[in-house]
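Look at the two complexes coming up: chain A is in both, with chain B in one and chain C in the other.
Coming up: the complex of A and B.
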């Protein structure tokens, strides 16, 4: 009963919104759903700052339409709340676009809503491959674990390593990473000698280290949520003599994201990752981005992959507003940016028309100390990597 | 054999870290009978102080540890005066839970506001950051230091509580506050001093344990179950009980994670349930008569 009512209400509102039509030289609103408080507050901050940098560089209007961002706080993975916030943004704020989404479940929850309201959702982060299959109105400017892991597994094999152990946190993205690594590495001819799934709440990593050591592997592929868990894992890796033993430590780049490097300290030195963005990326556009960020916010220490996701997401929104002339037509907007190729602070990007996910360069990086500061130094490029995890329909 | 030895060493080391971060709670909860859910918050405050004085004022590790303990006690004493004093006594258990969890939320939000949500670190001096070989098993020097500190705290507390006037008066005041007061024991001061001891130990544990439980604003809530488990299994009021419980849980958890990692925290909590089933008051229950 309740859902019927809600559906009717939503239908009425969408009807109203469509009927209202666009005015010339109007304001197009974009609703951003992200964590702005709580343990993941840094993410929301990087989103907001990147959007503001983009607007400072490119102006707040496109094709005569002012683009205005409305921020909603969602402090943790909470699909029901995500849907409620999205509904509020669509109904009350009359936004033409949804954006943000740090966690996969939050992004998935809005699929029926964006279909019904016909507005695009630009995902700045949520990295599970399957999301964009759920609605044709999703576009994504981040990365997927498959995208980062496939070139990494191939690279590890090329360096002569044949025995690897995977150690991932026991949750969706961790298992995605484990599967991607195992599939690719075994196809290349290597052997995954042990797959360890660690509880998300682990505090002491010594037992896993002992297990890794006993497995006789030459390298460990690890994926854990950024923050305390990664820190604990990296420290245990050093403290238990695995680094001394010459075991290589590889993983997708979230584990060495820039805001955490300071806390990781020297424990992070030598960790090899593949990822789409490093704040130390050497390009004129990235330098301009970092410089503008510093000018606006006084520091660029927190610039990381979520910044790049939001910056490029904003670019897509601008392009979509331009293509639809500010009208509310999600299908047309998404159609207009399929195949769009552009230059970003992270390098060349192209939106793949089938997965609506960016095809991009993956960079092999090593954590190094440059001028006393830890950075993810890019040492090799794997160009134009698609989302290997996209199954399509 | 090497594996068994490895598990034993890691387990005991983890257990001693558990002990050192929960021994403060075994003083406030165990001895004073205050369900102090803000224990983790005090530990976190201690850690943040150590981190700031090291990176801001450039103090060495040892001095930062002392500063953290003293400053945390200084910050906590007004709280004892204004809040905790009102909720002493076993009749107030619900009030204790509500007040201290509320305090915990306030401190979490305050730390998040003041220091931001990112991780803070306490850099180790060189002599603690290396690796020591125990036969075939590598273990970090810091863990050995923590084990030593834990043993010192254990013996020190035993001496303080069992062999000094202070300990005798405290035990008297907890068991029968009315009678103790009638005999001329100044229970209010005694409680304040014990509370200071508890928060000081919390800060001590927060600093020493930060290698294992990294400092961030949600520290206070994230690890509270761990602290409570150790004290519950050890038995209220028994310092030796807490130590035994911490080591037992540490070894069981380490062995479980090594042998069947997919089971996660299963072994830790199963052990917790079974131990409490067999000894509902924990390993060592202090006689109340």
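Coming up: the complex of A and C.
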């Protein structure tokens, strides 16, 4: 009696709230948690656009199951809110997959939840190596700082540079980059003469430039959060005459991500980075991706590495839906894809079964002006780079 | 001078009207049971939203702690998150390395929050107004930077994960649907609310309110205003620490956002929305803000911020005393004494 009443009440409330009948039985829902408002809103936008491009190219159904995406806004790194949103997506929206996650803590927060609910979480970005160790149901299609930095350090050594200074923002990813660079470069025989850690919120970089000058280094490895911080650093680098002095500026590719290039302007020219995706990547598949993006959204200026992460993540979700025939079985779904190899707009990809992270090509790029527009021009390929930071359980 | 005048003003109506006293008695005895009933009703009506509702309850406790300092002592602060975050991190670190009993973790969080408030309060509460405001911001920034630097303990910007509390009282496991967390948070909030009410009505609480109204007079009577302020600041720190620990226990992770300036400011917004100087205001403000935030963000994840801004402007323009003052305004209109709307002595 009580349960009938309760059911009726619930039904009334839910019915009123949604104004709709029961969901189609044959729809697989995917919950996307990402920043869609606030300072990082462009990230969520690139996720959403890449998903829509994928759906436009490959259809909204796979194996007879419609794949539907539900978006939840998480405007800044806030693990408690991430967990609450994921809980809501799982319990209320009955999603079969979680996806998105720009910041590492937000991705880490859902580990106990996905284990208990047995649903996979496809990470489109969050780049700390250790995340995938926390649950067997994490799959990641982005990159890690180790993955981008190790080939870069080897390359810098090969160009004849022996003394490097590292300058990173003082937070998790920055420290990751610093450690990866130092370890690799010193193993090769080079010397890291100074390791500078800059406060995350610093806006004045002149003192750090002086330290870089004084260190007598031939190159600087820098990592800062993309956007205004990188902009300030690059400008200070030029204004303080470090470029004139012939000091090389290298780093992982998020410091010259495509949406920022316009703001960086000519200050960015010559910055050498390694990364897994450049919108200027020369392949038929990337051209098709860019063309479709332009067709749907009118411009492809915002296409960047987060777009590639979301596009390939969507591909994995489609494969998992197909393998489980639309049923909710996370362990089986991850099992089905964890040896998967496929072609992506960024080149060939393969999941590593131990880390469930993509093994991929890293490209050496230089910021150049092509037809009056700044691009990350790829000049060399380091094939099949695994996540060097993964230590296993 | 003006402070004395207000004192006289508010002194009058309290003794005047029987309806006022009756209303207060009703609020006193019915308030907490009504809150409990509403909480349980929410549990029964929205079994699928317990994750969010647990967060609302923990946040309400946090905003309540801000009310103790701002509403009852007049300490303008934008640093309450320092206490919240310290409590959360202390509980989180204890959970990872030492104990897993949720009640013990709450106690750890409370003690940590209280201690940091006591130490920083003793250092900064000699200042007033804007200077004090700046100092509280400095405190929260320092605590955040310490948490960021102490990576081995706090996980830095990756967050402190791996908090796995044991079942409450050894009986109720924290489940996927969040039933245990919700009921646990509700019980904690109600108990702490009663404690807070007891404190603000104790001679100590009244003395704090005296300091808020007129510190000179308190001093003339032989009291030490600063000692009262530091005391209440520390007590509020305990409340904020417990709220932080409650969040850590129910979500299993602590991030740097829990010691951020933004989180301090958000508490202030919720408190002003609900109404300062009223314990109910803190709870009402939190529930209203977070529920509306949630509904707007769910219906339009891309532009909801605009609408929440409009909503806040509306409240500030038309209900300057906060949502909690709505009832008083209405009863004030009914009893035809509209000037008595914002008394200072609301519980």
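Following the convention adopted for this analysis, the second predicted complex is superposed on the first by the 368 of 393 C-alpha atoms of A that agree within 3 Å, B and C clash if a C-alpha of one lies under 4 Å from a C-alpha of the other, contacts with A are read in each partner's own complex, and residues count from 1 in each chain.
Here is the rule we use: a contact is a pair of C-beta atoms (placed from the backbone, for glycine too) under 8 Å apart; a residue touches a chain by one contact, two chains touch by 3 or more.
All values reported here derive from a predicted model rather than from experimental measurement.
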Look at where chain B and chain C land on chain A after superposing the complexes, then choose clash or fit.
fit
Chain B versus chain C as contact partner of A:265, first or second or both or neither
first
Chain B versus chain C as contact partner of A:113, first or second or both or neither:
second
Classify the contacts of A:172 with the two partner chains as first (chain B alone), second (chain C alone), both, or neither.
second
Greater chain A contact set [chain C / chain B]
C
Contacts for A:38 in the overlay, against chain B (first) and chain C (second): which applies, first, second, both or neither?
both
Scan A:87 for contacts with chain B and chain C and give back first, second, both or neither.
second
On the A-aligned overlay, A:335 touches which partner chain: chain B = first, chain C = second, or both, or neither?
neither
For the superposed arrangement, tell me the lowest C-alpha distance between chain B and chain C in Å.
7
Share the list of chain A residues that count as touching for chain B in one structure and for chain C in the other.
37-38, 41, 170, 199
Residues of chain A that touch chain B when the two form their complex
37-42, 170, 196-199, 201-204, 206-208, 210-211, 214, 227-228, 231-232, 235, 238-241, 244, 259-260, 262-263, 265
Please name which positions on chain C make contact with chain A in the complex.
44-52, 54-55, 145, 148-149, 151, 155-159, 161, 164, 176-178, 247, 251-258, 262, 297-298, 301-305
Which part of chain B faces chain A closely enough to touch in the complex?
3, 6-7, 10, 13-14, 17, 112, 116-121, 123, 131, 133, 138-140, 142-143, 211-214, 216-218, 222-223, 226, 250, 253-255, 257-258, 261-262, 264-265
How about chain A: which of its residues touch chain C in the complex?
6, 9-10, 13, 36-38, 41, 44, 71-73, 76-81, 83-88, 90-92, 104-105, 108-109, 111-113, 116-117, 128, 130, 134, 170-173, 175, 199-200
